[in-house]
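First subunit A sits with subunit B, and in the next complex the same chain sits with subunit C.
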Partner chain A sequence: MSVALKRSPLTDSAPVDWRQRIYQVMNSQAFVALLFLLLPVALLAALKIWPVFYNLYLSFTRYELFEPPRFYGLKNYSYVFTNSTVRQSIFNTLLFTIEAVPIGTALALVIAKLLNQSIRGRVFLRTLYYLPVVSSVVVSAMIWRWIYSPQHGLLNHLLGTVGIPPQNWLNDPNLALISLVIVTIWGSIGSNMVIFLAGLQDIPRDIIEAARVDGANALQNFLLITVPLLRPVILFVVVTFTISIFRNFGLIFMLTQGGPFNRTNTMVWEVYQNVFGYLRFGRGAAISVVMLLIVLVLTMISFRVLRDRQGA
Partner chain B sequence: MAAGLSTQSSRHETFTMREARLPLLLTYIFLAIGAVVMIMPFVWMVSTSVKPDREIFGDTIRWIPQELDLQNYTDAFEQTNMPRIFANTVLVTAVAVASQVLLGSMAGYVFARLRFRGKTVIFFALLTTMMVPFEVLIIPVFLLIRAFPLAGGNNILGQGGTGLINTLGGVMFPNFVSVFGVFLFRQFYLSFPKEIEEAAIVDGCSRIGVYWRILIPNSKPVMGTMALFAFLWSWNDFLWPLVVVKEDSLKTIQLGLSVFDQEQGTAWAELMAASVMAVVPVIILYIFLQRFLVSGGLTSGLKG
Partner chain C sequence: MAGKLSRRDFLRIAAASSTVASVALIGVRPIAAQADAGQFSLAMVDWSDPVQTAFEETIIPRFMEENPGASVTVNWTNWGRYNEEMTTAFASGVTPDVFQGGAVWAPQMARRNWAVPLNDFINADEEWDWDDFPAGLQADVTIRGNIVAVPYRQDLRTLWYNKEMLAEAGFDDPPTTWDEFLAVAQATTVRDGDAFDVEGYHFSDASGNWQRDWQPFLMWVHMADGQFLSDDLTACALDQPKALEALEFLVALVQEHEVTSYPGLDPQGDLNVLAGRNAAMQLSSADMERVINLYAPDEQETIYPTLPLTGNVQATHSWVNKFFVSSQTSDAAASWGLLRFMTRQDMLEVYSASNNNTPPRLSLLDAEYMSEKHKIVLESAVYARTFPQHHNLIALFRPIAAELEQALSGIKAPADALADATSAINEILADE
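The block that comes next holds the complex of A and B.
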């Protein structure tokens, strides 16, 4: 800005110096912005914005990859809402959420609260709790598959020592989903804990101190002060955790492939099956549009909550 | 924001000493049990990976093997074509990290410092894309990569061939830039004092010069955060490589690991050895760089 001001008298008196002109244009805010944004914005438009609309378009077509998409009306959507397998996948996704989110969130909150004290080995413990988050879904799935193994798996071994007969964890229709829920909770406590730790540090200490002076014990303090004050953070964790369950593909691919009897068939698995299994691109697109809508509503809630919290 | 949080916490530390606390012993017992449950699977993985088959399929649980069998590692290494898989993964991850740091810092600088027409619109368009998980866009992105012009037998219109499907370029493509990174850098540059840049501009430094000579050398913390996240996403990515790669010689580590299982049946020892090899680089990097993770922690649920 100041450069341009200083030099403008020069251009009035002397003949226009074209090299300086070029420099001025190339150093303008708009030009630098264009230059720097071109690649990132083009890539994001191609990978994040265009696909949303193309996906929506595909959901109204019949497309099996080797012929161009044909208009198909609402048939994909009526299939999504009437086909029993797809409906079960929606039901399973919700059941998965209901089984994993409340317990997983509560555990993460309690651990965060305990780790928020100045105790010895706090950093070390925090690192341990975070390790499953760093490990990949494939590695985690491999380890748990071995733990769940019916014949020589660790879990059946351990249960055997207290007299519980061996279970076929991943192949029993009544146990498969809950087995996946256990792995999911184990894998997500670390990341939820980090969010809670940040939230806990925002709570003014005087409030807790005042309650203690008034005779509240630790449990009362936690339930009557910490939890209500953390409500926005809790809601944020619940929403992001739920979204992560909607997106959870690797675990199902590695551990159950949607089985047994479709008991672990979730929406993301159903999309994958339709598209890369049966080459039904239009149908897969319709299921992902439904998924996207659910995720969008949940994300809007979490953004609103986060904004309110920063405003407060 | 995150930096503010951490200084605040250390200030509160002295306060906490007098504060109401759960009985310390109970706290330790609960946290220790929890920690054991959390790391037990990893310990079991390592333990299995160094055991001979006879101990793996024995009747008793042995956490520490009686006999060390490192043969599992060499077996896993040979059976999966590990050098090739590692080379692919390192290449894909290195490109993702470098590209996300560079493009993120460039775009972050523009949104934090420059004024131009349409900035708000572009900014909010990008903000909105943060809400869209990659999993629901897998179909159009797959078709886009398949229709990449002049690659894999495609003509200039992207028809006739398979595009970038079944190439490492195809694996890399969606990981060149992350919206999360753009916002991370923008937030960082917004908190960076403007005076230094203004002084440099008065002294005749160009805008690109300001970016390159002032902001970049001062971006180490945010670059660390971005690099760590980009590394984790790329190294641990599974769905996209699964969809794009068909050939064994192009597989990344997660993909190699996932099919290793089907090929080998229940060769648990080799499988666990391969898992150890896949996870050790990540854990080492995490332990060294974990201080960078905190600053991104709050938004980590919004990956992409």
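The block that comes next holds the complex of A and C.
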């Protein structure tokens, strides 16, 4: 018995020339764009996204490198929140951020404002402020180690000329973190200043002029016109500066190694200690997950406080 | 025009090529150590210009001369980043065939199976005189019966003193006991109010380094006849009376007798505190002599070593640095050949002489480069104790460092500090 096949509209139409179709697809801009995107997306996935998820996985395991990771439940997170050294590292990191970010951001903004004027030597001064950014962290740290040296340091020598006794900058538990904050601000002013300069040059001059005509003095102009208009730029600087402080490892490694009395023991130093010192990868991973969450929360707070209300 | 590449075609080919190349690169396996082809890789952490010169101009060329066709690639690095470099090397499966390691590395390497046991090679090698290495050093690299490394250097710490300063204070001879030591330290200390011009005894530097205190502290524990860990390595022994005696003596030096500052004085660059005449006595290795010869030649006739002090016992500490053969080497026998060559008597002499290192071979005691001072340091070997063979010593040292800071600063009583350190260390041990 023969069965008559029902013809569909598709089969009724003329046969598709697949080779022509493939040629069309390959010849399309979208295909070329996709090919170009493939490499960066693959790299991004392999080097950025995959490690984040692998780190998350490791945080639930006990992994010491020479044996495969084994499931460890929430013990690593329990360690993070119960171990006094890790808790102190969280506190130190937050204190570091609270001390460095507002002061560093404000200083960079003021310097950018000053260097946005038509003053003699403007380019030289901008270069001078930017120099620490292009200096290696190691070189900077070595220079600051000498500046802070209790017996032979430049800073104590200068203080001595005005009768202030020498301080043990990096070994006094009350001064060590502040000493690191000073170096961090010194190292970051240049890059933040450049971002603020770009923002300042984006502010329409007619608004500033209009305010001046209305009787606003320089300080009022700065506080009531410039700063509000720079809100998105300030937000950007605050967020990136906060992240950079959470990742600040080189200075601590070179200058204090977390001491004295664990006062400069930050989260990133604690991650390093656990991973490379004790090969406790799971603990290191858990601390970095907590660190990521704290950065996210701080970023959200920054957005809430500093977001452009008009745009919101 | 036929045959001419359009811009779009060019971009397409470029994109496709880069994609293929990246996929291919991702698929490339790491290059494992290739000792079998006579291509050796060696990680050297004991870096200094003279050591590098000794290797590049004498040791490696001699090895290649004696092993035609062989070549050695040396990766020079330093202690600051060495641990991370080796950890990532093992994690990624790209390790050197032979690598240097520090004083606490043997138990770690054994536990992780990262070092090839050398017993068979040593036993089968009739020319290799293992007994030329002192028994204490052999024991230090032997973990549960497996010889996992060969020593290349021992850092024996003993008491160095400034003869002139002691003579000015009325002491013709260096101290031999803790009581004498205290008397000399008190007589040689020079203070200007709270500030020290000269520390009678320099305990540790001011530099930001968490290891600065526990290293010299362990020597005082040895002198008190105390221990860091119990013999079976399962418990911390720092809360025992002898270790406490050591810490109480040290705290008294800082707080009561004020003969050493805490944190200590800062070295002037490479010039350490004793060589810089800011201290009268310091526990140090033969490196002191190297520093004096290089940076303070005027002090060559004033600074001398003497044998270790006697507390409850006469004792000191020795850091034994070693060479390992990586478990990832493709030819352990060939790599042993390189290690064996580097640590044989004549090459070890070249190496040790280059940096005034204290050699680990008994037959080098009378080597030409060994000065009279160096021989005194070497005499200390009989009093030397090494680290306990626990695989996680670095983690165990951290609580001591934290508690020592508290005790030496006068914030915590020595007994409480050691009890807290013991408790923290026992917690880590229990978690193993």
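Operating definition for what follows: the second predicted complex is superposed on the first by the 250 of 312 C-alpha atoms of A that agree within 3 Å, B and C clash if a C-alpha of one lies under 4 Å from a C-alpha of the other, contacts with A are read in each partner's own complex, and residues count from 1 in each chain.
What we mean here is this: a residue touches a chain if its C-beta (ideal position, glycine included) is under 8 Å from a C-beta of that chain, and two chains touch if they have at least 3 such contacts.
Small disclaimer: the values here were computed from a predicted structure and weren't measured.
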One more residue to check, A:Phe60. First (subunit B), second (subunit C), both or neither?
neither
With the two structures laid over each other on chain A, which partner does A:Tyr72 touch: subunit B (first), subunit C (second), both, or neither?
neither
Should A:Gly258 be classified as contacting the first partner (subunit B), the second (subunit C), both, or neither?
second
Touching A:Gln273 in the superposition: subunit B (first), subunit C (second), both, neither?
second
Could you look at A:Asn27 and tell me whether it touches subunit B, subunit C, both or neither (first, second, both, neither)?
both
Output check: A:Phe96 vs subunit B and subunit C. Expected answer is one of first, second, both, neither. What do you get?
neither
Thinking of the overlay built on chain A, is A:Lys48 touched by subunit B (first), by subunit C (second), by both, or by neither?
first
Determine, under the contact definition given at the top, whether A:Phe36 touches first (subunit B), second (subunit C), both, or neither.
both
Looking at subunit A, does subunit C or subunit B touch more of its residues?
B
May I ask you to decide whether A:His152 touches subunit B, subunit C, both, or neither, giving the answer as first, second, both or neither?
both
Subunit A residues contacted in one complex by subunit B, in the other by subunit C:
26-27, 32, 35-36, 39, 43, 46, 145, 149, 151-152, 253, 276
Taking the complex as given, what residues does subunit A use to touch subunit B?
1-3, 23, 26-27, 29-30, 32-37, 39-41, 43-44, 46-52, 54-55, 58, 107, 110-111, 114-115, 117-119, 125, 127-132, 134-140, 142-147, 149, 151-152, 154, 157-158, 186, 189-191, 194-195, 197-198, 201-202, 205, 208-209, 211-212, 216-219, 221, 240-241, 243-244, 246-247, 249-250, 253-254, 268, 271-272, 275-276, 281, 284-285, 288-289, 291-292, 295-296, 299-300, 302-303
Can you list the subunit C residues touching subunit A in their complex?
8, 11-12, 15-16, 18-19, 22, 26, 80, 83-84, 87, 90-91, 111-114, 195, 206-210, 263, 265-266, 268, 278, 392, 394-395, 398, 401-402, 405-406, 409
Subunit A partner, complex, touching residues on subunit B are 2, 5, 8-9, 12-13, 15-24, 27-28, 30-31, 34-35, 37-39, 41-42, 44-45, 48, 56-57, 61, 103-104, 106-107, 109-110, 114-117, 119, 122, 125-126, 129, 131-144, 173-174, 176-177, 179, 182, 201-202, 204, 206-208, 211, 232, 235-236, 238-239, 242-243, 254, 257-258, 261, 266, 268, 271-272, 275, 278-279, 282-283, 286-287, 290, 293-294, 297-298, 300-302, 304
Going by the contact rule set out above, which residues of subunit A touch subunit C in the complex?
26-27, 31-32, 35-36, 38-39, 42-43, 46, 64-66, 85, 145, 149-152, 166, 168, 170-171, 176, 253, 255-262, 273, 276-280
